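Both complexes shown next keep chain A, but they swap its partner, so chain B is in the first and chain C is in the second.
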Partner chain A sequence: MKVTCLQENLAKGLSVVSRAVASRSTLPITANVLLTTDNSRLKLAATNLEIALSYWIGAKIEEEGAITVPNKFLTPFVDSLPNDRMELELSPRSKQVKIECGRNTATIGGMDAGDFPPIPTVQGDMLLYIDPVALRKALTQVVFAAASDDSRPVLQGVHLLAEGTRLAVAAADGFRLAVHYLQLSGPVDEKLEIIVPAKAMSELNRLLADTDQPVEMLVNAARSSVLFRLPSIEMVVQLLQGAYPDYNRLIPQNYTTRSVVPVSEFLASIRRAAIFSREGSGIVRLQVHPNEDLVPGKLEVQAKAEEIGGSDDRIDASVDGPSAKIAFNSRYLQDVLGVLDGQVALEVSSPSLPGVLRPVGSDNYLHVIMPMFVSW
Partner chain B sequence: MLEGTPLTLVGHDAVAVPTMLAVRTGRAAHAYLVSGPAHTGKSTLARLLAAAAVCLDDAAPCGRCSACHRVAQGVHPDVETLRPGGVCDSSDHDHSTDRSRDIRICQVRRVERLLSLSPYEGRCRVLIFDPADALNSQSADAFLKTLEEPPPRSLMMLVTAEPGLLSDTIRSRCRALTLSRVSEEAIRQVLIATGGIDADRAAVLARLAGGRAGWALTAARAPDFLTQRARRLDEAVTLARAGRVERLAAAERLAAVFTRNRDEVSATLSTWVDWWRDVLLMAAGVPAGMVNTDRQDEIEAAAGASRAAGAWRALVALRQARQDLESNVSPRLALDALMLGLPLLPRGVT
Partner chain C sequence: MPIRVLPPDVAMRIAAGEVVERPASAAKELIDNAIDAGATRVSVYLEQSGLGLIRVTDDGAGIPAAELALALERHATSKLDGGSGLDAIATLGFRGEALPSLVAAADIDLTSRTATAAAGATVRARDGRIEAVRAAAAPLGTTVSVRDLFARQPARRKFLRTPAAEAGQVAQVVSHYALAYPEIAFTLSVDGRRSLSSPGSNDARAAAAAVYGAGTAAGLLEIAAETQACSVRGLIAQPSVTRASRSAITLFINRRWVQSRRLAYAVESGYETLLMTGRRPLSIIDITVDPAEVDVNVHPAKTEVRLRSEGEVFRLVQSAVRSALVQLAVAPGLRGLIDPPPAPVWRLPDPTALPQPVTPLPPVTGGEQPPIPKLVLPVLRVVGQAGSTYIITEGPEGLYLIDQHAAHERVLYERIVQARSERRAETQALLDPIAFEPSPAQAAMLAEYGQELAGLGFVLEPFGERALLLRAVPAGLAGHDPIRAVTEYLDAVLAEAAPVERAERAAMTLACHAAVRAGKVMTGEEMRELVRLLERAEAPRTCPHGRPTMIHVSAAALEREFGRR
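Moving on, here comes the complex of A and B:
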């Protein structure tokens, strides 16, 4: 293999595929990056057996070939080079890759490309095109709600359900549920339901920042892996197996009190309350005081730290319905308010029933939080 | 089975063949408990079944496709073997440096997460716990739920020489595959067939193996195995004729070895057990069951001097010493007691 390319391109490509290099694995070769000549391009690929990332860079191919090189040496070395033309040459017998850039040279010993776990190919008929900006927003508003502990594997994933012209992106961890509805450009042929590991979705979200082209999403017939195709990038993810709970049953169908407040003020109040609630179990008490003649309603945010003190904030709110109270974990409120802007509506019906937050002016997102049981 | 790969299972057709067929046709149980004496082929059977589950050919396991080869080499992405001290997801500790002797709960959590993902190459995910008795109580409890409700397209195998160490809850959720010792003749044939070993050596090793084919194959591959055995037997002969002072010096030497290399001492003691057992058989007049037939003259001489009672005392002392070393008695004391327990034979021609 003999290839010439630009340092800038190689460094960029390596920074992308490095995210899929395994840090702890039973297969040592997965700590390597696979370099393959592919027509007139150089393909970089890495897999940790859960996520596989491939990236193509423009290169002048003088001799075809393939090799895997330890990422631990390759990426930092390439990063340290000046932005210039560089040459990679493999001596097949010793499996040493010689990298030259200007007056800087390095040799790195590699392992056979044939021993690298095959990057899964995804072939199937379920192909969706998704707008990257909308997808990015959906992922930002949903992924954080997935479970991080090991209690139920499916809850560590993000549930995608495509039906008609709508793609529902949802995550839940048993105490909260986030659902974002995306509009697709055209209807899907048949209902598609998959669970993608949340970690992979965070990676996808990061990759989406650099693109404005529609993202291709392809699911194989066995429903075992999904491919996301971005310009020059392919990400293949192994899907979670199992049945996702029917979350629609968890969404309260009605409410008694609805209060609308500015997100920024609400978030600031919750952050203040969190200073005190940290001492307890993160409990923040919300009380809704309805509008009275000429006096706007209030949302009161209270927190207590035993034997220390507490805080009490009041935010002007436009309230619809009778007075209400409910207690939440401050972290859950901070998480969801952190991904919203403008005005948010809080819908509650009783201190023991879940509360719902919805952005005002759009009906494509909702967030359900289980209340905490406290004595009022 | 699977000639040309490191997966050679000797004997056990009655257990292996139907199970292999079940895996191949998708009628396998979700979990198997593979038990039997050490070195009889439990791990090999587990890996053969794994190969059958992920093989790309219809005649799985074909032994020729890349999946079979990678299972044999232990590098198939869908076949994961859990051993004490393997990798886990948490970054704050390193099993390889803290000499973990258990399969820990964090390792179990990692594989539970892996098992919930679709297989990387599309067929099946296989987990092999080797040895399963290394699961400590927390990790065994954590694993129960997965064992009870296995994800689709998964196969679990628990390999152990000590099924009694597993909890009932674990054992009752697996289908049992029990391997027993195989015949001396089968081992002898396999030793000759795998090449590089002449008929005489094969006969000696097959006899020494005591029905454990894995042991015989390892011994055949280790070039100095027979030399080491000869050295250990010489030591046994010398010690039998030695006085107390020399014996205690030998005990001190062995105790020093024990702190560095437990296995070496355990191998030495087990060779000595074989030798004294032969002496006992000879003294009792039933030499047919002897193992060290190449040492018949020395054994006859020792049998004449020690009588059956003496050989019996030696075996009791050896058993006690092995038990003591297992249960963390001071090695020096255990070995001193052993040396004093061996019968004192008159010095003379050996």
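Moving on, here comes the complex of A and C:
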């Protein structure tokens, strides 16, 4: 293999595929990056057996070939080079890759490309095109709600359900649920339901920042893996298997009191309350005081720290319904308010029933949080 | 006082205590008899945890009317004819001690009909006296009712555990029989409520489902192995299903339930490296050996046995368990479980990255501080983390190494105990309630100690006949497996008698589950927060189990070691 390319392109490509390099694996070769000549391009690939990332850069191919190189040496070395033309040359017998860039040279010992775990190919069965900006927003508003513990593996994933022209993106742990509805450009042929590991979705979210082209999403017939294709990037993810809970029945259908407040003020209050509530179990008490004639309603945010003190904030709110109270874990409120902007509506029924947060002015997102039972 | 031979009835009462020491042992003796009579259905009915009534009904061969009274006599048995039979015991009972012991300890009604008899017969024993046999209408088989157990031995009654614990023990006994005899349909009713019902379909998995729930039973692996002298068959759980105690390692020798530390260890060693320390597997294993090779006549309760070829049996059990698990390892999806956990990696930090050390401690500014309650620890400054397990801190007296798990356990434990004492459990509702099925023994505990669980913050609701719905969990437990915490709590109270210890144990179990694990990399902020919480703890120097949370290396010791002094 003998290839010439630009340092800038190679460094960019390595920064992308590095995310899929296995850090601690029983299979040492997965700590390597696979370099392959592919027509007139150089393909970089890495996999940790759950996520596989491939990236193509433009290159002048003088001699075809393939090799895997330890990422630990390759990426920092390439990063340190000046932005210039660089040449990679493999000596097949010793499996040494010689990298030259200006007056800087390095050799790195590699391992046979044939031993690298095959990067799975996804044969088209279900193909969707998704707007990257909308998808990015959906993932930002949903992924954080996925479970981090492994007591129920499916909850460590993000649930995607495409039906008609709508794609529902949802995640839940035992205590909260986030659902974002995306509009697809055209209807899907048949209902599609998959669970993608939340970690992979975070990676995808990161990659989406750099593109404005529609993202291709391709799911294989066995529904065991999904391919996301972005310009010069392909990400293949092993799907989680299992039955995702039917979350629609967990969404309250009605409420008694609805309060609308600015997200920024609500979030600031919760952050203040958290200073005290984190001393205990993170309990924040919310009380809704209805509008009175000309006086606007209030959303009161209280927190206590045993034997120390507490905080009490009041935010102007436009309230619809009678007074109400409910307690939540401050962390869950901070998480969801952190991904919203503008105005948010809080819908509650009773201190023991779930509360729902919805952005005002758009009906494509909702967030359900289970209350904490406290004495009032 | 001159030496005298005890009057027979006194001697009898003393001896009876060896066989019948609690309701569970009475039930066991009666079930043994039912099985020896060839029953296909055995039902056990309890009132007041067996102290009011234990009734065992079977559809076995029955006892002829003429022999009925004799059955209650001491050393009367139909299962041995001469001394020679003792060497090869194939029946469960054989001493002829069970019924007479019960006669001494309780009031007995024995009703029976054989297949050839036109009508049944009944005999009563009241206050230790056997009354005349009378004719009675009876279905085929035998019914024994034991009323007011130990009413005449108040001392024995005093040593019984709580009613729920005794009922739990009976449930345990019936569960063992249901597992050992899948061809017999066992039912157990406690105060009119059905708590166990095995189908009697001669399917070991179906019997396991009746005891451990259908979900657990479906995942069990079959094991089988034999040598010339013995064979091993059974069902074992995958390494992902574990318990905190050995109570779910169920062993039978020739289908007789036995307690054997050594054989239980054989099962555990088959799981070597697959289970976390302190976790025990679930297994149901029957060992078949030549009856001549076993001595069951060691103890009246017959739960201890001697095996002539124990070493061989040990190896057979161990290899049978191991080979079933190894085959499993090939299946995908379990890789993470089979891999041994990575050893903690010690990595020395780059010395330049360390904070510049030992400038005098940050001065406490701000004049009068509000009184901090019970400050028993000096103010500690976090220096770093070692081995992802220990927090290195510095105080005025030198270095303190803090075990992050033990420290967090202490903090959570005190929080749980305080919340409980103030009756303000901090409870977090679950988005999707979780259904789970406790074992009959656990269900009995739950009936009694449900309130205690509620006091800790668990909200449980009945769901169907045996299952429960968990609707809310203690706030500190969010993000952990709550079902495991509940079942572990129930197992713990099953083993623990005194209420104080039980409450302690429950708080400890919860704290241990919610505490940060050893091996977790913590950020500086997290470590400072934990150390700050520990400083405020009542007893910061030990974890609730009594292990130290910290080791102090004094400044003087450091100077001495470095030869500065």
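Quick note on the criterion: the second predicted complex is superposed on the first by the 376 of 376 C-alpha atoms of A that agree within 3 Å, B and C clash if a C-alpha of one lies under 4 Å from a C-alpha of the other, contacts with A are read in each partner's own complex, and residues count from 1 in each chain.
Following the convention adopted for this analysis, a contact is a pair of C-beta atoms (placed from the backbone, for glycine too) under 8 Å apart; a residue touches a chain by one contact, two chains touch by 3 or more.
The structure displayed is predicted, hence computed values, not measured ones.
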Overlay on chain A: chain C relative to chain B, clash or fit: clash
Touching A:G342, do we find chain B (first), chain C (second), both, or neither? neither
Mind working out whether A:T26 is in touch with chain B, chain C, both or neither, as first, second, both or neither? both
Touch test for A:G242: chain B only (first), chain C only (second), both, or neither? first
Does chain B (first) or chain C (second) touch A:V374, or do both, or does neither? second
Quick check on the output: what are the common chain A residues between the chain B footprint and the chain C footprint? 24, 26
Considering only the defined contacts, which chain C positions touch chain A in the complex? 339, 342, 370, 373, 415, 418, 424-432, 434, 457, 459, 472-473, 475-476, 478-484, 529
Please name which positions on chain A make contact with chain C in the complex. 24, 26, 147-149, 151, 172-177, 245, 250, 278, 280-283, 306-308, 329, 352, 354, 368, 370-375
Residue ranges of chain B touching chain A (in the complex, touch as defined): 75, 77, 80-81, 86-89, 91, 109, 112-122, 151-153
List of chain A residues in touch with chain B within their complex: 23-27, 29, 49-50, 115, 117-118, 120, 150, 153-154, 156, 197, 222-225, 238-242
